[in-house]
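Next come two complexes built around subunit A: one with subunit B, the other with subunit C.
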Partner chain A sequence: MALPKALRSSLTPQEIEFIAENQQITIVPTRAINDKFELLSGEFGPFRPPLKSKVPLWLALLLKRKGKCTIVPPVWLDAEYLEAKLEEERASAGFTEMPFMWLETANLLVKDAQDDIPHYEQVRNYIKGIKECRGNKAVAGLKFITIDLFSQGFLNLDNLGLMEVNEIKPFFAKAFDEMGKFSGALATDKQ
Partner chain B sequence: MTDKFWDIDDVLAEQQKIPCFVSLDIPGYGFLDGNSSENLAKNTRVEMPFWLVYPMTVADSVEIEIPACFSKRVTDDLSTSAKSVNLNGLCPCFFYFGIKFVNLIEGIALGKVLAEAFSERLAEIMRYSQSGRSYSKFISFLDDTEKQIFQIGRESAHLMQMWSNGLCNNDKIQAARVLKKTNVKM
Partner chain C sequence: MLANTDTHDTTDTTDTDDIQLLTQAWINERGAPEILAFEGQVIDRLLELLRAQEEHVEELSNDDANDIDFVRSVYLHEADRVKFVLQSYLRTRLFKIEQKTLAILKSPEYQACLSESELAYAQRFNQIVQETYEKSFLLDSLPPSLQSMDDPNIVGAPDLNQAVFFRTKVDFGDHLLPNGETLDLSKNKIYLLRYNTIKALLKNGAIELI
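Entry: the complex of A and B
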């Protein structure tokens, strides 16, 4: 195949960001837009402040950049909530439950909708902290890729977000592949 | 055995030499031993590549000796501290060849040692590939398979890094990664 190796085994972060941009998010328009947006994914608008409406994230960010709306951040993008999550993350051995595309969504909102997120600086730090903590756990989880795993058949990585899975996927897949060859070799060991 | 005919790694692994004793006189093959005499005498020790040894073992015409890279000393080292063994120095395709070799002979516990060493080293490879630590010395200890895995890990860590730093705007023309890598020793 002509595709570069990095594109063959998994999605790129940009592609995932693109997928994440299709999530619905609530906005509060600041200016009235009387026309409807007729898009492939549906019709949005007309927007009449201060009525809230639900639009895809990409449209929300577009309007935000033009100063035509404020974004209502998702409930989990909140300093107190994230602080509790970070503590939970540090305390438990597994991964704590987070929205499937938390990292991507948070990154997009933190980048373009800073003034809509209360305690923006704190939120950013907590997000970073949680990401690092989970990253370390994922790396540590690698020690479970052993030969015994093949009798068990799977590695449990519950609650990992799309972006996080995507980062470790090529490495894990290749490692699994190579490990599989050993399990064949071990079969002859026992004979 | 030949399911990967076009795989260059497979070819390289099968090229590895295995010392073995011939169990019968072979007329006209004295050159294998490096002497000019006509016949290869019974019980001479010769080193032959894996691809030749394999059919000969099946025909029972050779007895295999364990190659130096899987000797007792090496397997002991691997089971005590797999991370610090220089596999590239022992044999550049250590694990690939190892799997083939384990399939060739029975009754040695080599497969288990290799598998355990491999998984122990994986964690270290992952750690290096995800962090920005200097890795040129570290990868000189890795065998080819491990280097491939390391490279894959590095790629995705790099992409993530670019993304979280907001550097992946595709509207700029950038130099190919290969061109930037000239100072990295592989």
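Entry: the complex of A and C
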């Protein structure tokens, strides 16, 4: 088969992290690299410590793994901020506003750049807490996919991240399709 | 997705380059139930860039002997990333072509969405399937009235009612749905709804499938 079955209904977590790696992030070089990188996605370098530089996340991670830079975490990847966020998330019925690729970005940085994240353990726990809290809300949201929904025709899921959407996508899309069949909305549309 | 993620510190490049266009096309293709227009020009440009890049990497001087391997590996890594997206994009399309061969070959619009080699693949694939069916059961076991492959149930058109998730890329104002409801399409809204109600919006680039 041209496309493995696992890839048909949604993007895989690996693919989503791959997409997140296209984002730009600030680094502080720890070793000078005199070469300029004339990449297809732009020109980067030369890198001269301690001058900050913006590079794609994948490049930042390559540099990081070779001990050539430290990564400046995004402002929201911060223990204090995330603690407040977790509280807000728990208090709110809907999803609070987060960067579209927050979870995948956090995963990547937590995996490969822990020493650049102050209060790393706390940050990791808050991320986990926020993820679970939002995950529970998402699962609970499945009950909104009802026959009545079809007089409206859509379900609004603002503020969910790319990773979060793809986690619920197979169930939600299937439920939506099945409800559509029951509601008869599809039959009238086909006229 | 690439152009407007609001991640405060992690911002994206503002100009839309071909890598972004291809990545977007790949993600949309993965999310859409039907085959979308082939991004031939983007791919041609990227392949040309990749070729030039390869030459450039070979010519990289050895001024800085410590870093040359690393510098090379960065170029190769980027090339691999582009090739990965390209491969997944083409495979996703081949999958759709194999699944919906007849529907595609019967529709001039779908045919216009294919590249030359995809069209050739679809025709050849169809020919092989047809021959196999004829040899194995079609002509021997079925009465002539049931031998036609034109029946809509056999053609199996893509299910355009399939539910998809999408996100608005730009402020697009209110959008009227066929059922009279309005959809608020300001930037970064996320919805789950049926593909054919938003098909036109996808085509004009106002939204991305996610």
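The rule we apply is simple: the second predicted complex is superposed on the first by the 180 of 191 C-alpha atoms of A that agree within 3 Å, B and C clash if a C-alpha of one lies under 4 Å from a C-alpha of the other, contacts with A are read in each partner's own complex, and residues count from 1 in each chain.
Going forward, a contact is a pair of C-beta atoms (placed from the backbone, for glycine too) under 8 Å apart; a residue touches a chain by one contact, two chains touch by 3 or more.
It should be emphasised that the depicted structure is a prediction, and the values quoted were computed from it without experimental measurement.
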(message) Can you tell me whether subunit B or subunit C touches more residues on subunit A?
(response) C
(request) Could you look at A:24 and tell me whether it touches subunit B, subunit C, both or neither (first, second, both, neither)? (result) second
(request) Would you tell me the residues on subunit A in contact with subunit B in one complex that are also in contact with subunit C in the other? (result) 166, 169, 174, 185-186, 189
(message) Quick check: in the complex, which residue numbers of subunit A touch subunit B?
(response) 5-6, 9-10, 12-14, 17, 107, 111, 135, 139-140, 142-143, 145-147, 163, 166-171, 174-175, 178-179, 181-186, 188-189, 191
(request) Using the touch rule from the top, collect the residues of subunit A that touch subunit C in their complex. (result) 1-3, 7-8, 11, 15, 18-19, 21-26, 33-35, 37-42, 54, 57-59, 62, 66, 68, 72-76, 99-102, 105, 151-160, 162, 165-166, 169, 172-174, 176-177, 180, 185-186, 189
(message) Show me the residue ranges of subunit B that touch subunit A in the complex, using the header's touch definition.
(response) 95, 98-99, 102-103, 106, 108-112, 114-116, 118-120, 122-123, 126-127, 129-130, 145, 148-149, 152-153, 155-157, 159-160, 162-164, 166, 168, 170
(message) Applying the document's contact rule, which stretches of subunit C touch subunit A when the two form their complex?
(response) 1-2, 5-13, 17-20, 23, 27, 30, 46, 49-50, 53, 56, 60, 63-64, 67, 70-71, 73-75, 77-79, 81-82, 84, 88, 91-92, 94-95, 97-98, 161-165, 167, 177-179, 181, 183, 188-194, 196-197, 210
